[in-house]
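Look at the two complexes coming up: subunit A is in both, with subunit B in one and subunit C in the other.
Here is the complex of A and B:
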């Protein structure tokens, strides 16, 4: 999923909803016209969204109540099976393992990318102009790389036998001879490896956004804190982070959504292995729907995943709205 | 408060949208008409050149299967006879089952598809490929197809694809590396082979050198040890499939395979497949004394390192612990026609040409060195005296061949399942017995669903 689409969509939601309550009451004769105007303005985006997002979602939910499979794709035949697909996945121990893995891995990804992203943003405020440009360009390159390509590069970097990273680790002489180390053969290393890949590409967006927000903080606040005798750490945690709170909340919500749905980086490196140790809900849904072609079951997994994600994000969305109202 | 509720609904919608848009829908159902039917006026069961002026036939070929020259020879004849054009689209193997399914489900699928013989039953069983039973004799053109190619394409007595070519794997070794280690004759038994490899290993001590490069995920090769020990992938009992990996014979075969792999192949190779890094490249670079490979890989090796000539290479069928040559997987491909193709008659004619004795003898065998699709073809190839010394071993190995279970659900076990199963044994994550027991459960439930 591309970052830019998400921002545009998120932005639209806020813009679309926000003005209603605040708009000054219009003179009576213009009322009809001004009520319809937002609809007209929204319709192009609305049509695209319904065709490309809403319609597939409706179809997906519908599919999850049927026995849609490979035969259906070719012949169009299927039967409704009610809640059977849901009963099947909830009875499968793999579902609970996969769900737990997804939650923990998402938490690790979000925490990792936020901490590193905030750190880089703070670093950029301390850098000279030239270095700041260099860092910005490097970040944009990492961000701009399609994740399919970066996963491929990762495969080369960590390849047993010929991988450059393995060779460099061996040169450190700390971990022993790592030349033939297979990162994707052990659950812990496989997860660490994918974590690094995802975080590496998530940091630029977070760093650049928070850097922009951090430059907007009134210098007087920092100065006042310093006069009051606060140390640098205290200033960062009490003044700067407090001011960044709205930005951090927004980024957290987006990160949760993106990291929950990470697929390419897992599929292109481990294919969910070894022994399903990296098969998050997304990978499991793909394996079910497009490897075993039990498409109905796969659709049910996707629906449950979305429900879980909505609940997890609900808390953050509430906080986001609260902080929005304070402004 | 109202504002926030509306925003909340909108925001929740966004979450749902973002979450779900990651899952692309699997294409619309559509109604699968029995496209085409038999061409107007033609006698039932015959395949004559239809008039195809102004039409274009789309053919999906797999990378590494028939060479461009062979495809061009088929296309040339086809274009002369029908006046239609042919568009060949070459596909990569990664996630191929998913790719073919998606393609067959669209309303404008490729007309003709090259499908690996181990995967063809999936598409045959599910209605993606057109029923060709009525034309069987016209396609066969008097030949007897090889069982390993036609059996998986036959479900409940109906034919869904036409054999294209066959292949087997044998050992390819670097004569120079072996001679430097003092081995000058090809081994005839498993013990001879191990003795030879011990010498090669002693002579070359580099950590990335493999006396016998055998990647851990290379399950096509690993199966040979199971079969040699008397094990089976799965057998059918009272209409139900029973996985055979956990049998004593299979576990013995897996144990032998692991010992061989660990002893003669590099540590790095335990978790790798043949593609990354390419085993032909590894061999061409002199980092491997021997590999198990298809006949086309001889060409790939020589392309990767033009200094290696036929004289530097040797081949022999892989000897087994049992004292006989290991049974090999009969690999190869079939040509299927998409049910939804709107040019059934053109597609049938193209497939008929591809399966014809002329193309098989002159191009599939003559140019590409593949094993032809019929017993008559193999005989005529051997009689022609054109089977080169290097390819002789492939024809010998083919005489003792096996295939994967003819179940529509088999293909989904291949990738990533079989790769990860063999990897877990080679790397020592699990013992052969434990890995096989766990894998049996998956194989049973998948084949019988």
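Here is the complex of A and C:
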């Protein structure tokens, strides 16, 4: 699922939480005659979700216990192999490499976009109306760009030979002649490149949300700290960040989920290369299932990936429930 | 958390707010403006570069020293992107697939979210959590089995397969989003209608559904953006170039019989991104105010 889905979901989920405080009590139960109404209303969604999401997930788990491959797509023949697929991927050093890469890369993405996002949010509170408007528009443009298009733009910006970023680096005369530098041939540069692409698009959500939260902080708190002799940095770290804690927590958990699932930005720049150096678990599962057509193995990787992610999303859902979300 | 709040709040009462010396503040404001300007230039640069490359003639795109201003603006890249590729055909595919998927998803989500917000029944909480959980699944987890099932049913390379996949990916968040709009409607509205003798269905159709129309609009815009941008499902399901949607068209963009044409590619990126960015600008206010309101509550 793409990032923008998730952004929206989270945003709206939060919206849902907002106005509830104002309402004195829960909606009253409809009269007895309408007992069946919720059932009727829910059944279309129930059918769609069961058929298109729940059943496929069950099928995915089933597939991961078979030797499903290219032949099966045509003949429909397959055999149950028990845990063999899992044994195979756990014995494969590339799996551990990919899992480690996914975790580290997710951490780097979350840390980078949070630090820059929080910085920009704080910066926005110091700006006049015009400049703040400019920054907001800039952020919305970066945010609104579809990641398929921004991946194309990235390929052009960093193109070896005529890419403008390579040209600018060459002008710095620090790294030598970088004009024909190929970013996607070196694992470290490829990762840095994708990191920039993802962070570029992740910062706007974080900056705008945090900025909005920061404007809600009672100014008296800041004034009081200032009178007590706290410097700007001290005020930011002791007063403002403390006040922003719930927002930051929410953003962090959501960022972990999104960044863990980053796919397009990797697929459309490096396709997991060079030599699997940028193949996170999602990309690797896709490559295994659809390039090598080892669908059973791909399914097993997807199951493991889902299990890993469930730990994080479980934490998110729990904290949402705890924060007084009245479901 | 609450302990910290009380602590800082007691600090508030410590003394009256004093006004800061003015010159100090102004100096800092100029520093902040400079940083903000630098940030804006860096952050907008990829978009700017996409735009001016798209408007450059072919001879100006690949130059040893890049041209930072469009000295010879032209729309030839757009013309060739539209007329010399499958743009119109693929645009139609995108519009049909995304349009049908969104209409279906919104209708189903409208009913479901009404049930989940205006009624209390056993298992409601479980259903909400389940819906939230399924939308966090990694892409590959749904892609692989959906591909196998649709392959079996002969739905690949056809509108219907992609439509079903998009309904599935848009539906969960649409339900959550619409539910957010339903719960803001005061119970009194319902009670008034009930006193007037309206039954459950009348209340739903005549009172509640009209009140969530704004929510339907913004939710369907979100859904549209998601499905419009979706790449990997379409790439995996649609194998004929005539069945491509715009994201695949964009990635495989190449004017026939010519070397890689970055001007054309950037023009294609502009064409593809334009509706999405416009929608983003339109709903921007809603996006941010909505999210912040909830996030601060913590």
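Here is the rule we use: the second predicted complex is superposed on the first by the 257 of 327 C-alpha atoms of A that agree within 3 Å, B and C clash if a C-alpha of one lies under 4 Å from a C-alpha of the other, contacts with A are read in each partner's own complex, and residues count from 1 in each chain.
Just so we're on the same page, a contact is a pair of C-beta atoms (placed from the backbone, for glycine too) under 8 Å apart; a residue touches a chain by one contact, two chains touch by 3 or more.
All values derive from a computational prediction rather than experimental measurement.
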Subunit B versus subunit C as contact partner of A:108, first or second or both or neither: neither
Subunit B versus subunit C as contact partner of A:170, first or second or both or neither: neither
Which of subunit B and subunit C A:295 touches, first, second, both or neither: both
First (subunit B), second (subunit C), both or neither touched by A:81: neither
Touching partner for A:223 - first (subunit B), second (subunit C), both, neither: second
Touching partner for A:260 - first (subunit B), second (subunit C), both, neither: both
Partner chain(s) touched by A:246 [first = subunit B, second = subunit C, both, neither]: second
Per-residue contact with subunit A, leading partner among subunit C and subunit B: C
Touched partner set for A:277, first subunit B, second subunit C, both or neither: neither
First, second, both or neither for A:189, with subunit B first and subunit C second: neither
On subunit A, positions contacted by subunit B and by subunit C: 1, 6, 9-10, 13-14, 16-18, 20-21, 49, 52-54, 56-57, 59-60, 73, 76, 159, 161-162, 257, 260-261, 263, 282, 285, 289-290, 295, 302, 305-306, 309-310, 313, 317, 320-321
Contact set on subunit A toward subunit B in their complex: 1, 6, 9-10, 13-14, 16-18, 20-21, 49, 52-54, 56-57, 59-60, 69-76, 78, 155, 159-162, 177, 179-180, 182, 184-186, 253, 257-258, 260-261, 263, 271-275, 282, 285, 289-295, 302, 305-306, 309-310, 313-314, 317-318, 320-321, 324-325
Subunit A contact footprint on subunit B (complex, rising order): 2-4, 6-8, 10-27, 29-32, 97-98, 101, 104-105, 122, 126-128, 207-208, 266-272, 276-277, 339-340, 409, 412, 415-416, 420, 423-424, 427, 429, 446, 449
